[in-house]
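Note that the chains take the letters A, B, C, D, E and F in the order they are written out, and that residue 1 is the start of every chain.
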Amino acid sequence: MQMRRAFYIGRFQPFHLGHYSVITSIARDVDELVIGIGSAQKSHEATNPFTAGERVMMIRHALRDTDITHYAIPIEDLQRNAVWVSHIVSMTPPFDMVYSNNPLVIRLFEEAGIEVHQPPMYHRDGYSGREIRRRIIAGEDWKHLVPPAVIDIIEDIDGVERLRQVSRTDID
Amino acid sequence: MQMRRAFYIGRFQPFHLGHYSVITSIARDVDELVIGIGSAQKSHEATNPFTAGERVMMIRHALRDTDITHYAIPIEDLQRNAVWVSHIVSMTPPFDMVYSNNPLVIRLFEEAGIEVHQPPMYHRDGYSGREIRRRIIAGEDWKHLVPPAVIDIIEDIDGVERLRQVSRTDID
Amino acid sequence: MQMRRAFYIGRFQPFHLGHYSVITSIARDVDELVIGIGSAQKSHEATNPFTAGERVMMIRHALRDTDITHYAIPIEDLQRNAVWVSHIVSMTPPFDMVYSNNPLVIRLFEEAGIEVHQPPMYHRDGYSGREIRRRIIAGEDWKHLVPPAVIDIIEDIDGVERLRQVSRTDID
Amino acid sequence: MQMRRAFYIGRFQPFHLGHYSVITSIARDVDELVIGIGSAQKSHEATNPFTAGERVMMIRHALRDTDITHYAIPIEDLQRNAVWVSHIVSMTPPFDMVYSNNPLVIRLFEEAGIEVHQPPMYHRDGYSGREIRRRIIAGEDWKHLVPPAVIDIIEDIDGVERLRQVSRTDID
Amino acid sequence: MQMRRAFYIGRFQPFHLGHYSVITSIARDVDELVIGIGSAQKSHEATNPFTAGERVMMIRHALRDTDITHYAIPIEDLQRNAVWVSHIVSMTPPFDMVYSNNPLVIRLFEEAGIEVHQPPMYHRDGYSGREIRRRIIAGEDWKHLVPPAVIDIIEDIDGVERLRQVSRTDID
Amino acid sequence: MQMRRAFYIGRFQPFHLGHYSVITSIARDVDELVIGIGSAQKSHEATNPFTAGERVMMIRHALRDTDITHYAIPIEDLQRNAVWVSHIVSMTPPFDMVYSNNPLVIRLFEEAGIEVHQPPMYHRDGYSGREIRRRIIAGEDWKHLVPPAVIDIIEDIDGVERLRQVSRTDID
């Protein structure tokens, strides 16, 4: 039987249990998974606190105890939706299908003639990067929303303080 | 008598009867018209759903039955207002004057010493790209606001569904 | 019968009789022709003396007396071959096939699954942008190699002197 | 004793008495001051009305009667926080420390291992670029908030009218 | 004992036995290896025939039977040497040292205060991307110079014909 | 009498006595001089070894003992000749005329309607950045070709070794 490889993209700011749940779900259907790390050039922003390299680490460590064969690939923004699929394709190992719930991602891959599946949505409250960042800034609980390995990485890089600090920046 | 060529720029998302009315009005004063298609690199966004090529088609087809000699030229953003006029000038046939009601466009061309005219504003309700996009997304009437050729193009490219889909995208 | 539209790209530095011959040949096979003006952002260089706007004019004037329905579209370089076809497609009206003798252009469109035809090569000596630029710089005959309309445009913009001057620039 | 050089960055839209006060305060601690002019590529926007060159003039003229040895250096945005410190360092004379109250600037320099000091904040109402631009647009008093040299420059370049005009632009 | 992670960068056009030999040699000294794929945005050029994604595949497959823990990360050019190290650092998991024989790479990391080691050079004739590309184009033997997995990938993507075709392109 | 300000641009890799001689000559005709530092984003290359900031230092220190009022402004390349003059103008204090012997610079400013003067050429052998870089790499005498302040700066930044090292880099 033919090897099947899927593509999944996110910004992973940070990588959380919702992502983890989607990835383990996709992994049941395919042999290998290419994980695109979107807006790779961004970091130290209130909505993009972590570098691409830090996000590579989060993904690798969070998936370390699974047997999911995956490739974590930073993808820089080109700010041109019309060439975005070609850009993805050029930066990644070849894939047979895409998994996404993002309407724009779905649209762009479908217009390019690539098969798109919608993974089951994760429903538990707080499984969202925005909510986790809000909680980190506000000093509320957030650690139950991410894999333990991600907690370690955020602590190693002083990520809580970084996020708080960059979120205080007001551009005049 | 000397040939007179004018420049007019818009994003044309989509090209509508307000644009059509301005262009036919300008065409009474000049011999040729250069139509700049702004933010040419953008597409598949809620505020910029159509590609530059699709917008070229809208303009050409909408003006097909007029005898207006025109050049439809995609203009990519440079994100630097101070060089924008030079950028326009380098991408277009030479022109003698600009028609615009946009204060920034007027300012930049006037600082560059280029003559700017303000075409009569079109007043009928809804003659605005924003309003037309809102109506398309909301499922309200919009076809009376654009030239018939533009309806055909939007249908050919599945533009209604594209706009609805990309407008649902929420960036986390 | 279905309308057929083809794509042809060149740098047109300047537009010459070789280009003219290819275009009239393609026009016998198709209904409309999209002419991409490559490296649109370049000008005032020894190998790219003319602006995109000047090249739009050359094409329009040279084809004025033909009945070839065409679109002359400036195409800026993205410096990424892997997304180049998508970039072209987004900037142009939709086309059914490409005409090119350039191996890279052929390869990129074929990898994208787009039909490519090779137009008959033009053989007469000197029908090359490089040779024409060399002759202009050297003060040799060149006017018989371009359409009369192109001579006029080059003279109007003081193009001979511009090319000579920029070709003397030595970067230290 | 060793010469000490500090770095201070702002957008200076426009340069105002708050900036002046901070700079004279820093100058008491160091021998030379490198003044980075941020978002140098921006101008003719409601929040960035003045060009980098105009801001160089504001700084030079405002500091002309002081004996502060300074370098005013335009710094273009790279839109990548992770490389911003290296970008600054490459564009400027070497400096020993940074003065800033901006949390992002502080964070980025501290992560790069560069010493950051926080200058005393200026408290007087209105010492903010945003407030001064608001007053200029609204026709309220603003001249007491900037050094006299800055008033002259803004008048020379018709800056009041420019700011009002670009702030009226509504992007459709 | 502390985990040690090293960084090694190349363009890998294609990945060959020289690279393989260096990597296995480095792997004896460290626990993990970050492999940067330089000029990631380039492909379909005579000197850069393969996409970043294809090069990711070459590396992964070539190292599949080793137990070298590695991260293969595409790195796009920024065309600014002064920020290149920061760019690398932001795109990759943190590393303790760099292995390189490239004088520029050595210089840039050393100026940034990062430890650089020079791996033993591979001496066998032909272990160079340039030589392998020359052989592929010329139809000479090349398969003994790359890992078997790389032969498979190049054949899967029709890489021999692609390289020959793009190398025939002459820019006029 | 009206204040007169001139513009002069170079790459200053490094700033040498030929530049110094031209600048002191221009300074006899004008009141102030804007010195553009071209290709500001480049450094650590065989033809562009020094950063913009290092070149700012060379200019400031070399002119310290003169009474020439000057502004040293880094100018990043835009790679678009057609907008280059606007880019310069936006980054610099306003100037009345340009001094240059570079044919492209002369052409671009003249096409923009700005007055260009040609300063007397410096004739002494070796007064060229290329020759000085060649001598530094070859270990030949070069110090008599630059102002003493430039020797100090190059030594402070280990510039001789940097230039030698980056010039050994061969891109495969």
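Convention: a contact is a pair of C-beta atoms (placed from the backbone, for glycine too) under 8 Å apart; a residue touches a chain by one contact, two chains touch by 3 or more.
None of these values were measured; they are calculated from a predicted model.
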Inset, instruction - Walk from subunit C over to subunit E along touching chains and report the minimum step count. - result: 1
Legend entry - Chains in simultaneous contact with subunit B and subunit C: A, F
Inset, instruction - Count the residue numbers both subunit A and subunit E use at their shared interface, divide by all numbers used there, and answer same if that is over half, different if under half. - result: same
Inset, instruction - Note the rotational component of the Cα superposition from subunit B to subunit D, reported as an angle of 0 to 180 degrees in steps of 5. - result: 120
Legend entry - Centre-to-centre distance between subunit D and subunit A (centres being mean Cα positions), rounded to whole Å: 36
Legend entry - Between subunit D and subunit E, centroid-to-centroid distance (C-alpha), Å: 43
Legend entry - Residues of subunit D touching at least two other chains: 41, 43, 51, 80, 82, 89-90
Inset, instruction - Give the pairs of chains that touch; include all such pairs. - result: A-B, A-C, A-D, A-E, B-C, B-D, B-F, C-E, C-F, D-E, D-F, E-F
Legend entry - Touch list for subunit D against partner subunit A, complex: 11, 79-82, 102-104, 106-108, 111, 128-130
Inset, instruction - Spell out the part of subunit E that touches subunit D in their complex, as residue ranges. - result: 78, 80, 82-83, 85-87, 89-90
Legend entry - subunit E residues touching subunit C - in the complex, by the definition given at the top: 41-45, 51, 162, 165-166, 168-169, 172
Legend entry - Partner subunit E, residues of subunit A touching it in the complex: 40-41, 43, 51-54, 56-57, 60, 71-74, 76, 89-94
